[in-house]
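Naming follows writing order (A, B, C and D), and every chain is counted from residue 1.
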């Protein structure tokens, strides 16, 4: 049986070879645990430098759900909830991890995975002017992801506007960057790490989907959120005994711009695929230029493709067509993209 | 300044005089605490008899939010959530009490405050057939209210259908009866206490809004839910030291059908009001025959009425009209309804 | 069958007749809900006046466990716990209500129900100098009760010392006053309401055990704790729809010093009982001058007494003697104490 | 500056070379995520085989705190707590992770880190016969660790007795095996994996401290605990996207008895150290034959040793001596032990 080529997500492989090399080289070195080692210090320094702000707190966690629940819980009092797009990862795909910490996720309507400053303004204004406001969950944080779950991205202007409304209503702004590299290297992007550090209270730089075996680097600029953060990492199960594994990986990713280089690779391949798909007449849901392609294709074509390729299923669009997701990543091989392109063109 | 007449809710007064009389008569009697007294036993017996099922567990709590959070938490494991109408009280007006216990409220779309067996079926089917089902909150309970927050009611057939789909997917069905009396005495109602006991796993009989100073009687038929329930009442702060106060009140309400008689009073007055409003050409949102009237009126009329009457504001409907709520209750005086009718007719 | 005389607790009866009278008088008056009525405003004003501080926030809740869990949860972040005596009510008799809100109760050893400033100092010093401090629950609040669960009381000097160490380590100090009246009127007491308001961040004045049908008045001096407190009351199920019932009761208790007068009644009777018991040669556990008597008596004597009187059992002391609790209260009848005294003397 | 030799814990290095080799070999292979890959299936099969029970559920998580909180929360209803030694890891060193899930940790006194069937029997009997049982946390699970936090181990007979009392009172028995290899290969051990599977409801096989980069394998025999367990892993942040990393590591550890072989290495070196220490006249706290040595040494000796070696500090024993911990592990080099022995002998 020949193995299919997997395009269904961006975590099908291990880590970038340079990371594996350094993990191997350091394997029998003795270091103290819990991220109190020189690798973590070095990685944090490099991230602060890339963000052009040496007052930032940087912490390393293993995965995205853990990171999200830890940050959200760190920022909210019991009666507060977190605003996000209805399609937000914390609202849909984390088995209620935020609610398990006691907080309601307040979903805002969204077609493309994004929410706007205006939506937040309206929600907060509505809440604080409602006669029964104390009987309702108080918004205490805004969660956005960039790229979103649908692959779309925020502009610098949009982010700044959201941040400003957050400050107006005393909300934290937290940005989930599980796929951050694929957003920052998209052709239409104008965000940068320094802008993210400036216009959020906390954000994270995703490693799991961008070159690492696992790992997310949380960057916190807000002083209140910084306080006692390591207690919360420990309590929520996110403090890795051999924390250096995270330090080594992020130190490697933030050496010689590796993080951005390997992200660009995924974008280049995704854009190639999109061009071929568009030429074929397929349309896109939540059109974007990042590494996730939500493409609407005839079911017959999909059936044929699925003999050799894995994609992930999104939704039935009409009687003959479905929307599916193809992902590229830092690890995607040119030859696999070529194979997929040929398969599409021959449909 | 003369006091306005209040129609904005159904808890503006104290308790039915018969209840006050019995509280007074028993005031210096010594009884053991925590509802382990003869009044609570008697009240529970009367409720079981009214439900025609002597295996039911009956518990008395002080208020609705407390009751809802205790029952929901009692029934769910950590990864489970509770399905309800988006307008459900637990989803909107309990400051995230259910989430504070760790559980997501899963809102289903609803125009009239009700949800259907079909909606539940579709949600559950969708969940358990989703490839990522373990990444999503598992539905573990259905919460409905009768009357709903919009005053509408379920038919016996609708309730039975909901119960059956709950059993199919191993969900608890919990019915919030904060205004139960006003549902069971509505002219178009065909539900009864025995049917409620049969077609739910737990429901509660609201006292706060129907004749008592405070108090809700939880009725549990499901054996798993019955287990250790008093521990949970205590933990969530709902175990009243002088529990007999609840026993005395429900014993009185369930003597000589007082609960139903005083409910009918509210319905009669509400129907009178509705007739006058309809004659005036006003329309109704979520039309119903219970004690809550959601009526759409010209803002000018409302302005005039508000000089002498309090109602609660619901929503702006168009440029010149708003939807507001008028409530009657067991305590509403005929003369006050008469005054309101005259005021409306003279607009 | 003749009814026994109950001395096992201080909540066997209803409410002081003056309270019942006012509840009755106001019964059909219409007021807005949720403690936003003139009775609650008046009661809060009287309490602020009695505390000699008009900046205090005052809230009314139904019961003690609810009050404790709401205050503790309001003050702590997720990684913080609350220090208290191992015998503290929140540690032993609230079915883990504090833990159910996510917080560890950190028990300190205590023989008499009290803890000292020195114990708190040592615990905090130990925590913050421990190499693994982030792996341990951070103390964020101190909970004491006055009188304690064993009937003992704090002196003004002791309270001040505890408050000062709390401020040194940035902990909230919360005092549970479920039986506060019986502490403040004890012959050896030197605390006052103004001192309590000054040397705690929050405390509550117990009504349930001191003259009310139910109800506890929370008094908050700390600005951070004041913030958004009503949201938390609602979320935890403590917001009474007909909040005026609490207002009326506390307004009555704080009119013409009723709260203190009825408390003194209980103390006078308890001291009479203690004198007789001491004369009989019985000894006391956690000796005190409040309304709870923990007396060590021969099992034979207890057996005889239990034919006519209820007390609560504490512990077997040796082969022939047990420690039991007798309580007096605002409601205890002189004739019942006389009967008990006669019974003891005749043993 | 020359680096000190670290003996303070058993997670100072990376992973066994065979694991690193396989991670490297599989690095660019494509597999599905979330432990639904062939490596995880193979590892689970090998563990089931080693436990001689093919009905066991096996799950892989990243770390110990996460594993503990997920299992404890999976097994308890809200009003239930978990019994363990006061020195238990969940009671002391997990920043209240269990409480953050809503459950009280019920500490039982212990000098050597172990608890007995008799202690559990007495606690449960006391709880269920207490008149106020519903006001107290109900024991719902027993947590033990083997080896314990102090390095001691349970005999098969002790474990069986504990399991039997758990079944008598309907408690789950959960065994934390963070250092399981070092227990099962101790010279005085008579436990085996099949016995652990038989006499617990769930236990875990620690990888982080025994040869892996990270990872713990949960083994569940109880059917109720098995149900929906992956939902809970996801919700609590423990579901690793590239789950195969865990599968590969445990597959390697359970191939050709590697797990036991490398464990024995640590034991051999620890026993050598203990012999030298005993010969020197030092005494041991919680004497044991596993990889943790709690040795009482003169402070002067410690000061001298600390120039070249890291150990972890436990407690001051008297004016001139302290108890400290030296750990060996799968990774400890013979030459380092030799250096330490020489240093001790020369004191």
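The definition used in the following text is that contacts are C-beta pairs under 8 Å (C-beta built on N, C-alpha and C of every residue); 3 or more make two chains touch, one makes a residue touch a chain.
This is a predicted model, so every value here is computed, not measured.
Participant: Where the contacts of chain B and chain D overlap, which chains show up?
Facilitator: Neighbours common to chain B and chain D are A, C.
Participant: Please name the chain that ends up farthest from chain D once chain centres are defined by their CA atoms averaged.
Facilitator: The most remote chain is B.
Participant: Compute the distance, rounded to whole Å, between the mean C-alpha positions of chain A and chain D.
Facilitator: Distance between chain centres: 33 Å.
Participant: Please compute the C-alpha centroid of chain A, do the same for chain B, then give the distance between them in whole Å.
Facilitator: Taking the average C-alpha coordinate of chain A and of chain B, the gap between them is 42 Å.
Participant: Would you mind pulling out the distance in Å between where the CA atoms of chain A average out and where those of chain C do?
Facilitator: 50
Participant: Which residues does chain D have that touch at least 2 chains other than itself?
Facilitator: 78-79, 94-96, 100-102, 134-135, 138, 231-232, 234-235, 239
Participant: Going by the contact rule at the top, pick out the chain A residues touching chain C in the complex.
Facilitator: Chain A reaches chain C through residues 73-74, 77-79, 101-102, 134-135, 138, 228, 230-232, 234-235, 239.
Participant: Flag every residue of chain C that touches chain B in the complex, lowest number first.
Facilitator: On the chain C side, the touching residues are 3, 5-6, 8-9, 11-15, 17, 20, 23-24, 26-33, 62-66, 69-70, 94-97, 100-101, 208-209, 213-214, 231-232, 234-242, 245, 331.
Participant: Which part of chain B faces chain A closely enough to touch in the complex?
Facilitator: 78-79, 81, 92-96, 99-105, 131-132, 134-138, 312-313
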